[in-house]
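Okay, so chain A shows up in both of these, paired with chain B first and chain C after.
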Partner chain A sequence: MTGATAPFGRRAHVGGALTTLGGIARSILAFVVVMLLIAIVWESAKWIGGGIWREAFGVALDPPHMPPLRITQLNDTNLPHVWEVIGALFEPATRRSEFSLFAVLLDAAIFTWRGAAIGFVLGAAIGLALAILFVHSGLLERALVPYVIASQTVPIIALAPMVVLWVGRDWPSVAIISAYLTFFPVTIAGIRGLKSPDPRALELMRSYAAGWKAVLWKVRLPAAMPYLFTALKISATASIVGAIVAEAPTGIAGGLGRAIIQFNQQFTSGPEKLWATAFMCAALGIAFFALVRIAEMVVLRNRMREVEA
Partner chain B sequence: MKHSWRIFTILMVVGLVLTACGTGGSGDATPTAEASEPAASEPAGSEPAASEPTATSDCGDEALSGPVAVDFQLQWVPQAQFAGYFAAKDLGLYEEAGLDVTFLDGGPDIAPQQVVADPNGPEFGEGWVPKVLVAREEGADLVNIAQVFQRSGAVEVSFADSGIESPEDWAGKKVGAWGFGNEFEVVAAARQAGLEPGTDFEQVTQNFDMVAFLNGELDAAEAMTYNELAQVLETENPDTGELYQLEDLNIIDFNEVGAAMLQDHIMARESWLADETNGVSNEQIAVCFLRASFEGWVHCRDNPDECVEIVLDQGTILGEGHQHWMMNEINALIWPSPDGIGILDAELRDQTVQISLDTEILTAQPAGDAFRTDLAQAALDGIDGDTTGDDFEKAEVEVTPGGE
Partner chain C sequence: MNNDVSAVVEVHELNKTFGNAGSETVALSGINLSIRPGELVSLIGPSGCGKSTLLRVIGDLTRPTSGTIEVNGKSATRARTDRDYGMVFQAPVLFDWRTIEANVGLPLEIIDMPKARRAQRIADMLALVELSDFARHHPWQLSGGMQQRAAIARALAFEPRLLLMDEPFGALDEMTRERMNTELLRIWEQTGTTIVFVTHSIPEAVFLSSRVVVMSARPGRITKIIEVDLPRPRSDETRTLDGYFELITEVREGLKSGHVAGTTS
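The block that comes next holds the complex of A and B.
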């Protein structure tokens, strides 16, 4: 049974579900308000120190507005108008393109997400396996955790080209690099989470003569769930960053990385396209984060209800 | 509790399956070129060159004992700079020559000379001469087998009102130059004018865009005629609301001041060339590859608009106007080719090496056969039609805002 059908099936839970829906609506509203505020600050800054305003929202200004200050960082090349960035998304990607830039970027985002998601699942599985290993062997934990930490100090930008040379220029490389960024938070949070059960619960299991598998399955993993989801939310966004970093410098075509390279090259004459691409990257990260958040709400819904009660 | 763990597992599995299923679909974004009608300039019957001991003029499946798969490493993401090669594939010229060519895209972290130097790397690569000479000096067994661009595409631009008309005028100014080995022509031009970068003027490492120049942070900026120069012209002048015009700019052409270095050429490994595939010498395969590539470039000289279409099919976000400009400028870098396309100009080779020595990017004259013209010559000998382009003249290309 999923969260969506629960309210209709069981009257008692309607209240709980509504609170959750209300919470989602509130966070969406807050997000929109913050975005609007950023847009207002952005445009105000340009009004004071940007380039000459010949138009606003596609309407010609006559006479043009001359900002009192001229600040390089705020001119139309460095900081295009908000409506130009949004407008670019809905205009054809190129003069002859039958698709809007938004559609093209969405396509690229799906390509990038595919690599990132495979890497995310792979990284989460490896991360969890390592955490289970470390929780059951103090020796391995002491011996290997420093290396796990050290692995994250290698800049991904240095690692990506090597992986690509090794594995080839396609999504498997992207997935491996994403997995590399993803496993670490899961391992660290997993170790804490798996060690988090009440000692009395572990003692009780021991009194039943339960084996380590039963303890893991019935006590440790359920207790670790909130920790794991916190880590997975971090990993979700990290996996997107990893995928883009893997694609961009190494000539992998089809994803957001390639879009960044090409629009970066066109930045002089069309900065709004690179801004729109950056916006799309952020949206993809947020969407993946939200997906994990929804999974968390579904998996942990009983626990949330306990908290709410 | 137990229940929630099971759901989690199911979610993970479903996620894995979904993502795995998804990958098969639109993974190959690059359209595979289908063999369309044979090219207008069909390689006429083989005409064995008597003076050519290493390779005959025979190409095609039979001559090569079946289609031979070769990889070709490009310097950058697909654009009209590589139009001739895309055309050779799209028109089926490679296929006719008995080759199955796969293009490998470049990118900021891809150095073609390093990729090709790998013994298991692609058979052919495309790069700038000085960088490949440096790689050779460091031990890579790379050899230049065809000098496709006959002249340098680099210029130094400044605004017309800056008063900069020749390298001498850089004195006391902020002069932009790229890093990564793209700055040598600026240094060479300055030294010829009696200026020392760093003392007589400030040499600023610039990005691969023209923002700093347009913002006035640089007095002069390095630009490729086919790319960055077009970007300036595709940009709106904030003071007028119109696009920048060529009249607004002073352009110093490194070819004219004698500081040009050779750029795009085709490289291969000596060890690979000495080897054989399916009982056919790799030199023969290289000849066939060069012949089809040259025919692609000839086709793009005579049909630039068609070639722009072929290039635009390589990527969904390439601006049409920008690629038209680039195609025209690239043609001007290749044509005319006085001794035939791909044949190295010995004088420019010496100038390139000399500048490399003067700017200390090379410590000694390139050892051995760093440059070979015999393979390109054998390739040319099998081509009917105009391979020199003596009558070539640049077209007028309309600049579009944003290069769209």
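The block that comes next holds the complex of A and C.
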């Protein structure tokens, strides 16, 4: 909503697009820098308190480096070297496997993402529908919102086995559990966003004798978009976590959840595989987040940056 | 005068109270007002005098506690559902996600005007408020005065019979406000729309109006109605006429006497 504010100059759309591209480049650069910093901190810790360094980045160290401290948490079993984790990705997943760990994990990520994405779409739709319902009925809002909040206090790990019993040991179960985690932020942000229009904007619509559908489509939903995208970004990562948590204890095969269980059992012989799997999970979450962020930039390209909810 | 022409707005013995029994505030008390077609009537008074409330009652944004109101011979609700009103608030209330032309076209979308006619009407309205070059801009790319002109274009888009304006230029600087006043008169003369205009600026009320309705606070009521017989078309020259200053004095005296009466009663 624009008040009687000072002019913001004649910022052209082209300029806006360039700013956006610059923003993307900066985000990627910042991400790379943060990753490098983490790696540096990681290896520094090992340099001080890890196991004996016989090589670094594939180069043999002679004489080997003897870290001054010996800290269990930093030894090569608990915290493998960064290059060992990266290297593990390009070695066979198991001794008998013909595929690299990376290929296996990518395959698992795609399986998990399918369940998560379907759950995300389902959850977002249910979340938005609930928000629309609550905004139009104060009675329902007061009656049901406490239960919506209570629903999130049920540990997903307790719920997942039951859903699998009812729906079956495959991706539809994963989708339902993802939806369960996804809908909540969308409902809460949706209520706020749909109520965000200036009261005078609603009076204006009243003066046009506009029906509630027109008010919803032309005022409430567009006004709610920045709020919804903020929620969808949270939901995107939550849906991945939900999918993995749904897969892991219930033995749904094919996804990252199963991979975590499998490499957890092989931890002592190959810790770098579990680490690699953890990074794959994070990468999947970040990728899904980025996808929603790109959609947000496209949908909100003509807005003033006003809501940072 | 003009008794043969039926009134656009006819308010009779109207009262409006807020709050519940025991702690109620009388916003409007015993309001009688008749507005003729094509008039530009200003409501002026101190804050709390109920001028905005009266405008909102006329526009069916709130209901009176007692008394009657007719707009174009109908109830206010009927007039609203017949789309007899155009509204302009102090803030332009434009939608950021719509271009200026899409903002102006919003009421036309709601009445389902066919696209081709809609485009033509939008172009006409933008020409009227001299914003044709900014049709594809977004509201935040325009100055406050330009945003308010867009809001006026939007209010006039479906040719309402009655334009209700609630301190539309209150947030603008003095120079922009004077220019907007001149523009509003030009638009008023071109369209022949009846306008009810809420303001707290005495010069603005005198410069624009056919009649100035002076109100006082606690309880909100009409203390005086002043006919403004300055020649038209009005221009910057009008602001130098003796009659203009006399009327400003008259409105000011009216506001003062209302204030005294209001505080002693």
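Please note the rule applied: the second predicted complex is superposed on the first by the 287 of 309 C-alpha atoms of A that agree within 3 Å, B and C clash if a C-alpha of one lies under 4 Å from a C-alpha of the other, contacts with A are read in each partner's own complex, and residues count from 1 in each chain.
In this section, a residue touches a chain if its C-beta (ideal position, glycine included) is under 8 Å from a C-beta of that chain, and two chains touch if they have at least 3 such contacts.
The structure presented is a predicted model; accordingly, all values stated were derived computationally and were not measured.
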- Message: Looking at A:Thr112 after the superposition, I want to know if it touches chain B, chain C, both of them or none. Which is it: first, second, both, neither?
- Response: neither
- Tell me which partner A:Ser235 touches in the superposition: chain B (first), chain C (second), both or neither. neither
- Look at the residues of chain A and decide whether chain B or chain C touches more of them. B
- Message: After the superposition on A, what does A:Arg95 contact: first (chain B), second (chain C), both or neither?
- Response: first
- Query: In the superposed arrangement, does A:Ala209 touch chain B (first), chain C (second), both or neither?
  - Reply: second
- Based on the superposed arrangement, let me know which partner A:Thr182 touches: chain B (first), chain C (second), both, or neither? neither
- Query: Is A:Met225 in contact with chain B, with chain C, with both, or with neither (first, second, both, neither)?
  - Reply: both
- Message: After the superposition on A, what does A:Arg169 contact: first (chain B), second (chain C), both or neither?
- Response: first
- Message: From the superposed pair, tell me which chain A residues show up as contacts to chain B and also as contacts to chain C.
- Response: 218, 222, 225, 302-303
- Message: Per the contact definition, I'd like the list of chain A residues that touch chain B in the complex.
- Response: 51-52, 54, 72, 75-78, 93-97, 99, 101, 104, 107, 110-111, 114, 117-118, 121, 124-125, 160-161, 165, 169-171, 217-218, 221-222, 225, 248-254, 258-259, 261-270, 273, 295, 298-300, 302-303
- chain C-touching residues of chain A, taken from the complex the two chains share: 1-11, 198, 200-201, 203-210, 214, 218-219, 222-223, 225, 302-304, 306
- Message: Quick check: in the complex, which residue numbers of chain C touch chain A?
- Response: 59-61, 80-83, 85-87, 89-97, 99, 106-107, 109-111, 137-144, 146-148, 158, 171-172
- Message: With touch defined as at the start, can you tell me which chain B residues reach chain A in the complex?
- Response: 1-5, 7-8, 11-12, 15-16, 18-20, 22-23, 26-27, 29-30, 77-78, 104-110, 115, 118, 208-211, 214-217, 227-228, 231-232, 234-236, 238-239, 241, 312, 315-322, 400-404
